[in-house]
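Before any comments, here is the structure.
Going in written order, the chains are labelled A, B, C and D, and every chain counts its residues from 1.
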C-alpha cells in the first residue's frame, strides 16, 4: 500500500504548479471576461509557454509529442490543471479533443491519423464529439435517430445533435450515427469523421448555458446534418462499433473529468477558506472563520474532497493494474459522488461569499453555472446509481 | 381555524390567473430574450392591460390607485404573480418599488409624496433602495460607511453601495446613509431620497450576476456617491430613523418575497411534473414519471411547497392579527426555509430535465441563476438561523 | 383564513396541559422504568383523574362517554397528549383502541357494540388490530395469506400476524383475514372480531423492538391463528369490506398519529433547548447555546415543526370541510414529512445531549428507539412518496 | 501508488475471514441473546479457537504473544473483525483493552507490566479506561473534576466517572485524575492504575444505553471513587502526563475504531442488499431490488463506504510513514465522516427491512442502538469539525 503520488510524476506536478501560478492564473480573469475567441492570442501565448516548458499534452502519447503519462499520473496532473478553467486547454489536455485523440490513436487508419490526429495532437486544430441528440434520452445510447445511409462510397448523414461541445471553430466532428438500424441494439451505430466544412453540416447555434452561449472551444453546439455526405473511409473503426469505441473513450475520460473536478474543488475550497479568514463580520474584527457553521462546512468539504481524490485515484489505479472490468463499480461511483461533492462545495462557497458570491467578480459563479452539467452529462447521477446498484444486486441473486 | 383563502380575494386571484395565462405567460420568453429595456414596449402594453382590468397595484393603497389588499390577500396574489418573472413588474408590485412606496406612504412629507410617491404608484417612474455596501457585511446594519454630512441646508453624501437593485433607469434612490456617526449603534443612519440625476450620483456598473448584467429594472447596480448633494428636506422620516424604517419595510417585504418564491416553486413544480410525464426513456415508451427517484422528488417537493405556503400565510396572518412582534419567529424561519425549498426544487427540476435543464431553453436556468441570491439577500440563511435561535434560547434562560 | 385553534377547544387544551403538568409528567419516569404492567395501578390512577376532570376520550363520541371532538380539535389535543409517552393512554385516546373504537362505532352491530365497543370506550378492556403479516409486504394489502374459511356458522382462521400492537393483554383482536380468495384484489378480505381467549389464538411473543419487548399495551405482538374458530356474526361490516374499512380507519388515524408526532417534536425541542441553554462547555461558562451549529439546528427544527403542525392541521381541516378525497395528497405527504422531521430532530437532540443522549436517563433514547417505526408503519415513506407522486403525475397525463 | 493491501497481511485476512465464517458468525445470535456473561463459555471457546489458529491479538506486540501488525495491517484486520459485534473481543483486539495495552506497553514500569499488561495481553483479565465525567463536557479535557491528592505514598482519589466502558468485571481501571490542579491546563492530570477491588472504587450501575444496560465487557459503567487509595507507584507515566498519554492512545485507536465501523458498514451493506434482492413486493414476484430508491441507496452506500475505507487507510498509512503530525487532519476528518456514513447506512438498511428492521431479529437494531454513540464518543462530530477547520483556517491567516 502506498498513498504517495508516483515518483515519476512528482517533478512534473511541481513544474505544472509553477507554470500555472506564474502564467495561467494571472491570465484567467481576462480570458473569462473576453471569451475564448476574444482572448485567442493570449491563450496561444500560454500554450507556447507550455510547449516551451516541455509540458504539452500530458496524456498525449510520446510519439505524438506528448508526455505519455499513464492514467494515475495524468489523473494527478488533471487535478492540477482543474484548478483553473484554462488549465486543460492551455496544456493540450482538454475535452473533447483528448478523448477524440485517444480513439483516433487506437482505431484510426494511417490516413486518418495523418490528416486528423497529428494536427490535433499539436493543437493546430480542434475537434468535437457529436453524440447526444436533443429528442432522445442521452442516457440510453440505443435511442439514436441520427442516420447515415450508404450511397456509393459515401455515407449520407441526416439528423440533429446537441451538446456537441466545442463545435464552434472545430475542424472536424466525430459523429455517432446509426449505420445499421436492423442490427442488434448495441451494434447499430458507427463513428464517422465529419469535416466541419462539409456541406450539410451546420452549427445551428451555441446553446446558451444558464444564459451564456460561450464561444469557440468554450461552447456547446446544436448541429444539423442535412444530406451531409462523407466518404465511407471516414468511418472510425469497424461498422457497428460505435458503442464499443464510445465505451473505450469512457474509462480514462471519467478519470480525467473527475480529477478535474477534484481540482475545481481544491480551488473553491481555497477561495472559501481565504474568504472566511478575511471577511470581518463584527465590530470587534471577528471574521467569518470564527463561525461554527462555516467551520463545519470547511471540515466537511475537506473530508469529502479528500475522499473524492482517493476514490478517483483508486479507480485509475485499478483500471491500470487490474483492467477496466475490475474497476467498473468504481468508475460508476466516482461519477456521481465527486460531482455531488463539487456542486455542494461550490454552493457553500458562494454562501460564504455572500452577495459577492453570486456576482461574476469571483470564479464561483462561473463554476456554479458551467459545472452544473457535471451531474448530467455522461449520464445523470440517477442512471449511474441505478447501473451500479443493479450490478451489485445481481451478485446477491436479484433478478431485474 | 380556516385554511381557505379569504373570500374577498378569490375573484381577484381568478382574474389574475386569467390575465397571466392569456397575456403575460405568452410574452415571457420574448422579454427574457430581449431584456427589460429591449422589451420595454411589450411590457408597457402588459401593464396597460393590467390597469384596464382594474388589477394594478394589488398592495398599493386605494387612495394611490391600487387595490389596497391586506397582507394575507396580497400574499396570495404575490404567489400568483411569482409564477412568472414578469408577474410583479407587470402588476405594479415589484421590488424595490413596492417597499419604497410603502415607506414613502408612511413616512413621506406631502411634498415628497407629491413628487415621488404618486408617479411611482402610477408606474410612471421607477426607484431603487440603496443600502448594501460592498466592503461591509450586509447582515450587520451597523457596519455602514456611506456618510452624509450636513452642509448648510444640504446633505453631502460620499460612499459606495452595491446591489442597489433596479438603479439602472431609476428616477430616484432611497439611500441609507450615516448622518450621525457618534450616535447609538442603531441610530446612526437616516434615509435620504436622492434623485438619480444628482451630480455625484453614479451608476458604476450593473453587477454581472452569474454572468448576466441584466438591464433596466432587472439589474443590480453598483453606485458611487461622490460629493453628492441633496437638500435635507429629502430626508425620509426623522434623523437617525434609518434602521427603524428599514425594519418597517421588512415584515411585509418578507411576506411578498416568500410568497413570490412559493409561486416560483409552483411554476418549477409544474415544469418538473410535465417533463417527467412526457420524457420517454426507454424503448417501451416508459417515461421519467415511472422512475421512483423522480416520484420521490415530486412527493417531497409537494410536501415542502405546501409547507412553505402555509408557513408564510401563517406569518402574514399573525402579523396582521397579532402584530409584528408576535410573528417575529415566523418571519425569520420562513426566510431560510422557503428559500431552501425553492433552490433545492429548482436544482432537482434541472436534473429531471437533463441537458435541457442547464440550457436557457426553459425557465429553470433563469431561476437557478437569478434566485440563488434568495439565500443571501436580506441576511444569509445562517444569520437568520442564529437570530431566531438566540431569541428562542433566551426563553430557556440562555445567556449569549 | 384563520390560524388560531378553534375557540371551542381552547379551554380543553388548557385543562389538558394542566393535568399533564400536574399529574402525568411527574409519573412518566416511573412508568417507563417499571413498564406498562408494573405501573398498572399508577396508570389506572391517572386515568381516574382524567375521567374525574371530564377529559376522558377526547375523540370518543359523546354518546359513548367521550368529548366527541372533531378532527381538527382532536388533532390539537393529540399534539398535547403526544408530549409524553403516557398521554394518549391516560386520556383514552391510544392506538389501536382509538381506531378500533371508530370502526366498531361505524360498522358494528348492536350486539358487537354492546359486547366490545362499550367497555372499550370506558377503558375497561383493551383491543388490538391484527393486519400485518411477517412474510408479506405490509405496504401491499393484497398480499395477505391469513385465511378464514367458512365452516357452518363459523369462520376458521389460520395464519400468522405480527406487529399486532398491544395484543398482550387485549380482550379482542380485529383481524384482517381473507374470506374470499377468488374475489377482486381489494374485495378478498374481511374484518373479524376474535376474542383473545379463543382456542387457536396465540400470542407467540412480544417482538423485541430494538431490544425492548415491552409489555401490556406497550408491546407489539406476533400472533398465530391455528384452527381458530369464531362465529360468522363476529364479522365487522360486510363480507369483503376489509380494505374499505381499513381505509376508513386511515384518515383520522393519520391525523392523530401525525399530531402526536408534532407533540413529540415539541417535547424533544424543549429538551434540546433546555440542554443547550444549560450545558457549560468552556472555562468561561459559555454554554452550548452559544454554538452556531446548535443554533442552526434549533432554528431549522423550529421551522420544520411549525411546518409539520400547519400541514397536519390543514389536512385535518380539509378532511373535515371538504371530504377525504380533497385531502388525499395532504394525508400522504404529512405521513413522510412529519415522521422525517421528528426522527431528525430526535437525532439532533441526542447529539446536543452528548453521551447523556444515548442513555435512558432522558426521554430521547425512548423516542429514538420506539418512534423509528414511524417511517415504516402504515406504509414506508418510500411507498407514500410513490403513491402521492403517481397521483400528481396522472394529472399531467403520465401513464404508469 | 498502490491500493492493494500489503502482501504481508493478505493470508492473515483470509484466515480471519474463514474463522469468522466458520465459528464466530454462527455463534453471534446466541451471544447477543444471552449476553456477554451468559455466553461466557461460548466466547471462551471462540477465543481458544483463535489462539489455536495463531490469530490472537493482531495488534498486540509479538513479545506479548500477539501478531504485532502495523497500523495499516491491523486497520485491515479491524475491518474484518468489525463485521460482527463479537469480532474484536474474540480476537483479543477489543477496546478499551487494546488501548490500555498500548499505553501500558509504552509507559508502564516493569512491575506494572508484569502485574497488568501480561495477563491483559493473554486475555486472562479485562480492564477499563476511566476518563469521561458526567458533569463535564467530555470534549474539553481540561474540565476534569476527579481528583487524586497525595497522602503519604498513596493517591487518594475522589470523583465520579461514567461511560467507563467494560468496567463491569474488569480487573483494573486506568483512571484519568487531576493530580495538580494548579498546573497548566494540559498538565493537571495523570493516569493512575486502580485495581477494581480497591475499597472506595464502586461500579454504581451499568448505564442503560437506549434501554440496554448490557453486562460484562459489553457495558458502560458509571463509577464512584470515594476516598479510593492506591499507591503512587500505580501512576502510569510521569506526573501530569495524562493528556499526553491520552493523545498517544488516540491515533491508533481512531484507526481501529474507524476500520471497525467500515466493517460494520460492509456487514450492513450485505444485509441491505440481500434483503433487497429477496423481498418480494408485488404479485409479479418483483423484489425491492427493482426499486430505484433502494438502488440509489445501495449505490450511494457503496461510494461512501469505499470512500471511508480509503480515507482511514490513508490516515493509517500517513501516520505510519510520515508521523502523526502529518496525519492530523485525516485523523480528525475520518472520525466524523465514517461515523456519519455508518449511521446513515444503518438507518437506510432498517428502512429497507421494513418492520423487520426495527425488531431485534436482525443485527440492524443492535447497531442502530449501540453505534449511535460513534458520533459522540472521543468528541462529538461538531467538535472535530471545529478543530480541523480552525487548523486549516489558521493556514489562511485566520485569527481565532
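We adopt the following convention: a contact is a pair of C-beta atoms (placed from the backbone, for glycine too) under 8 Å apart; a residue touches a chain by one contact, two chains touch by 3 or more.
The shown structure was predicted, so the numbers you read here are calculated from the model rather than taken from an experiment.
> Which chain pair shares more contacting C-beta pairs: B-D, or A-D?
So, comparing the two chain pairs, more contacts are at A-D.
> Which chain has its C-alpha centre farthest away from the C-alpha centre of chain D?
Taking each chain's C-alpha mean as its centre, the farthest from chain D is B.
> Provide the C-alpha centroid distance between chain A and chain D, rounded to the nearest whole angstrom.
43
> Starting from the mean Cα coordinates of chain A and chain B, work out the distance between those two points in Å.
Each chain reduced to its C-alpha mean, chain A and chain B end up 38 Å apart.
> Return the distance between the CA-based centres of chain B and chain D, expressed in whole Å.
Those two chain centres are 53 Å apart.
> Send over the residues of chain D in touch with two or more other chains.
291-294, 296, 382
> Applying the document's contact rule, which stretches of chain D touch chain A when the two form their complex?
Where chain D meets chain A, its residues are 1-6, 72, 273-274, 276-278, 287, 289-290, 292, 294-296, 298-300, 302-304, 306-308, 310-311, 313-314, 317-318, 329-330, 332-334, 336-337, 382, 384-386, 388-390, 392-393, 395-400.
> Could you list, by residue number, the parts of chain C that touch chain A in their complex?
These residues of chain C touch chain A: 291-293, 296.
> For chain C, which residues are in contact with chain D within the complex?
Those in contact with chain D are residues 132, 134, 137-140, 142-143, 162-163, 207-212, 279-283, 291, 293-294, 350-351, 354-361, 365-366, 368-369, 372-373, 375-377, 380-382.
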